[in-house]
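Chain lettering (A, B, C and D) follows the sequence in which the chains are written, and residue indices restart at 1 in each chain.
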Amino acid sequence: MIVLMAAKASAGQIADVVERVTKAGFSVRRSGMERVVLGVTGAGRAPTPDLLDGLSGIAEISVDGPEYRLVSRAFQAEDSQIDVGGGVVVGGERLVVMAGPCSVEDPETVNRVAASVAAAGAHILRGGAYKPRTSPYAFQGLGEEGLYLLRQAAAANGLLTISEVMEPSQIPLAAHYCDILQIGARNMQNFTLLRELGRSRRPVMLKRGPAATLEEWLAAAEYVAACGNPDILLCERGIRTFERATRNTLDLSAVPAVKARSHLPIVVDPSHGTGVRDHVLPMAKAAVAAGADAIIVEVHPEPERAVSDGAQSLRLEQFDRLMDELRPVAEAVGRTV
Amino acid sequence: MIVLMAAKASAGQIADVVERVTKAGFSVRRSGMERVVLGVTGAGRAPTPDLLDGLSGIAEISVDGPEYRLVSRAFQAEDSQIDVGGGVVVGGERLVVMAGPCSVEDPETVNRVAASVAAAGAHILRGGAYKPRTSPYAFQGLGEEGLYLLRQAAAANGLLTISEVMEPSQIPLAAHYCDILQIGARNMQNFTLLRELGRSRRPVMLKRGPAATLEEWLAAAEYVAACGNPDILLCERGIRTFERATRNTLDLSAVPAVKARSHLPIVVDPSHGTGVRDHVLPMAKAAVAAGADAIIVEVHPEPERAVSDGAQSLRLEQFDRLMDELRPVAEAVGRTV
Amino acid sequence: MIVLMAAKASAGQIADVVERVTKAGFSVRRSGMERVVLGVTGAGRAPTPDLLDGLSGIAEISVDGPEYRLVSRAFQAEDSQIDVGGGVVVGGERLVVMAGPCSVEDPETVNRVAASVAAAGAHILRGGAYKPRTSPYAFQGLGEEGLYLLRQAAAANGLLTISEVMEPSQIPLAAHYCDILQIGARNMQNFTLLRELGRSRRPVMLKRGPAATLEEWLAAAEYVAACGNPDILLCERGIRTFERATRNTLDLSAVPAVKARSHLPIVVDPSHGTGVRDHVLPMAKAAVAAGADAIIVEVHPEPERAVSDGAQSLRLEQFDRLMDELRPVAEAVGRTV
Amino acid sequence: MIVLMAAKASAGQIADVVERVTKAGFSVRRSGMERVVLGVTGAGRAPTPDLLDGLSGIAEISVDGPEYRLVSRAFQAEDSQIDVGGGVVVGGERLVVMAGPCSVEDPETVNRVAASVAAAGAHILRGGAYKPRTSPYAFQGLGEEGLYLLRQAAAANGLLTISEVMEPSQIPLAAHYCDILQIGARNMQNFTLLRELGRSRRPVMLKRGPAATLEEWLAAAEYVAACGNPDILLCERGIRTFERATRNTLDLSAVPAVKARSHLPIVVDPSHGTGVRDHVLPMAKAAVAAGADAIIVEVHPEPERAVSDGAQSLRLEQFDRLMDELRPVAEAVGRTV
């Protein structure tokens, strides 16, 4: 049973609810900041709403609903518009474009990409400094140096930055250099990391796990929201299926399906979603047509020399073409780029 | 080893090849009509191209290529444009729209749908007369009566028709009433049916099986082509994954991935692909943006009363809106509706 | 709504039910032979049991149950024991073993395999004469000659035979030469074929489709049963997943899950289930430990020379070892081989 | 390129290799403790073995091999036998059985389970103190109190303990109370956690992620091994597929497939693998027949009152029966319990 307290519930009202359910033998888990949410669980029998009869300060009690509340469309009917800094808002009328190399490799490459994608109209520079790699023997990223180079390249070209954090200890540094902190697909249910980012002031982009259902993904976002950070972008990046022609299967129906369930904006990553450079452009257009609020793509001046994900990185001129072709599609669905 | 004979190879040249490989102890499987293709197989060792040294009339020998040849982009570089009748061409500049009820139920319903979708701009009326159903106790379609009603409704509204055939014995009747014959997802590898439709003169729409890879799908199309029928439309209708928020996972990356491998046009079915009425419109737009040549959607005047697939059928006014919103997206990618 | 008529329901009682529901505007689909089952469907509203108030000869009415009835455990509590001929019963105390080459290739090979597997203790000789192949250019089987060779080799070694049929026209010949007719995984929902085999007198082995749920598989078996043939073996042969270390993922939990839902015996195919020769033996033992009633494995004297599926075929001596190692496992779960 | 240094390579020899590849413009990543492994990566071109010509102390250079080395069967031909304490060895002739409640809930329950499973012959008591839960509002475990209760109950009944750690900060406490530390399925690629457990002295049980390939799973184990901890148990617990009759699809072919690739012992979890109480017993037997070195099952005195995973927990008497039925199967494959 999930109890949503009223926005102006007093400490006393909250304490009364906690006392009532505890005395009845149930456990309470308190979450939420501005809006307190109480998860009531118990062994052997399920709590029922009548348990709270007569108490005040309660906004809503849900028994059989989904496992998330704050990120749900039922909690907030209107779309969230998330201001990520520098006047860039994700979830509004403007389609936001994030682009950059998979990994930050060296100053020259990241600067060259930044200058090129900025000129083409991108808003945010992406680039990995901490890289989750399947093998311990693969390149693991430049760490703080990578974050610094990313920031320098972005600043010189009027771009914001986004980069991945893999563990709580990286958050302070990453938050210093980046406007948005990314939670990678492998960490979608790293609940420790989710909670720590929930306590951060930085907007978070939460990638969907390759085998995560929509419901699990939204419940993961709820961890961030329940710890106090409402600035969450969801990012569809492909799910794992039997098909081998593409690296993952980009699930674009997640765009309308998420929007039906949640007020959070959704980003689509056609680079990881397909793993094939030549499929990135059509799938980016498809994502925008399906209603995505932003896209994130990998770009590299010489993909065949990239230390990671070269096969799916666009060349600089391909990104120019992507922006050119994206504009009319965005306009066709009522957006600008 | 697959041997593609030259377009003008003589009977004698073909016989020479067959004789050579047979004498060497291999088996030959002859396919193709205008262009003869010989599949050479053998136990214990693989045939090699030098086996055919000195023979004439051979266009190409492939050893490690894909399991299809006639439908491949390597065989024909330019896109196939398939004239399905009445001036409607699938694979050209115009986006083709197929719409109609899941099942043909009665004259009133199919006529009402036909009139409405025709007015909105659809080109082809869909409707099932032979229905493959998971349970033997479910409604199995009206049979010939259904085909007749479909044809009547289409003719009265200037539409072409498409309907599914489930077995070879249904082909003559279906070919009498329909402009395009559909092979359903469950029958994608019903090789008997594929061969019989290969001998038909009607264009065929081959739906992708819910667990079929792209390569298997194209190899299934090759059965039709190898039996003499080059007029094949491929239809992506969703694959089966772990995700339960949608009935299937619509794999839109199949659009660019098929186009990279094959010259055949591709149709997208967002109704079966999502199974959720409210997701059909965004996914139809996404399909067009990704490069689909046609879409096929289910429409019903009262979806809650439909005998099958009501949950994914658009209402008449929703289809009108779909056409309205599809036009600017089609134009944004260089197409008309 | 599914109406199961009593075992001794008269023609008049059945007619009364049909008339009642038809007059109320519903459609009826009659199935079953000894036990008549009526599927009642309707557009716009669901039929309810009270519609049949006062009628006689009705054994059971189910509204929200599974889509199968005759093959369910609810219909028959005790396990089906299917006599496939020659004193071999599948579903009883004895574990049944089917073995043989993927394809029947030539007399020498099939005879050699038959003699070897018979000596090792197998009961049934398998071998494909009609081969469903992904590509039209691959070896498609010897047809009747293959069936004849299979029968000869089996008869000479005291074995029964099983082979696949791909279409209704092959049934008479296959039923002439084979004791069990196999429906391949690709044809699990070829409803025409299912119905025709339902009218046959031969036991049928129905392989699970690579993307079929248990419920769909049992509903497919219901087609056979509803057309009059109760002698159905179910065969788990692996489902399609993301894992690439094996050809398919052998779903052994299907054994207890099927037994919980159905009285039909279940066969396991570890050859197709894994696609890897060295995994066949451990998975055969696992299948028996899980409760399988029979196993079916591919055996070839020289797998590297086999025309199909060589990588998963056991060598003759590996099959001997399999039988040796299977016996104690069978005994450990209360069975003999 | 992965360079495995000889067991007795000197610091100087290692430094020479590092210097050589660095000077050539490549990056080096050093791992391993007793055996040093160097991962050599570079942008734009691949390193080749001749780069190291003339250097000494190198045991092996692999270029196109798998992404793991220390855990591979090629590195160590004989099976690892892991002494987890108290004379219990996983990977030897004796089948090891771990059992206990999903979560540690209260002293009475965990004591009752411990006494019962110990009497039935289990070796290790399982029980969660830190629970990864999809929703932030669900019960998250008792934390240190849970570890303490688990240890008390185990000690009183002559059992060892295993419990999950979700983040590095939990390792010291968990290592104090537990003989084996479990990495849950959601954390299989939490590389930070893997590295920290690699620096621990406690044996680790690494659960396979629900969408992880075998290769990714082994590469995750390599992280632990490369950081110095060779005592790793792999645990198959089901993968995520389309099938809904079971919670996951238990991939028992992972047992032989892992054993072909790695020397590490493998544990099977039929509780999470099926999610259905009545399927646990047959699948446990199947796991042992397939060659599993250990099984881990959930047991609860009153599953319907369990705070988590009640549907898949065995009752106490069902666990007794499991042990009774497991013994003959273990003996049939040459093992004792």
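Throughout what follows, a residue touches a chain if its C-beta (ideal position, glycine included) is under 8 Å from a C-beta of that chain, and two chains touch if they have at least 3 such contacts.
Remember, predicted model here, so these are calculated numbers, not experimental data.
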Between A-C and C-D, more C-beta pairs in contact link C-D
Centre distance in Å when chain B and chain C are each reduced to the mean of their C-alpha atoms: 30
Round to the nearest whole Å and give the separation of the Cα centres of chain A and chain C. 47
In whole angstrom, how far does the Cα centroid of chain C sit from the Cα centroid of chain D? 37
Residue numbers in chain A touching two or more further chains are 211, 215, 240-242, 244
Are the chains arranged, by touching, as a line, ring, star, complete graph, or other? complete
Where on chain A does chain C make contact in their complex? 240-242, 244
Name, in rising order, each residue of chain D that touches chain A in their complex. 2, 27, 29, 31, 37-39, 41-45, 67-69, 105, 132-140, 166-168, 186-187, 189-192, 209-211, 215-216, 219-220, 222-223, 226-227, 240, 302, 304-307
In their shared complex, chain B is touched by residues of chain A numbered 211, 213-215, 239, 241-246, 249-257, 260, 273-274, 276, 278-279, 282-283, 285-291, 325, 328-329, 331-333
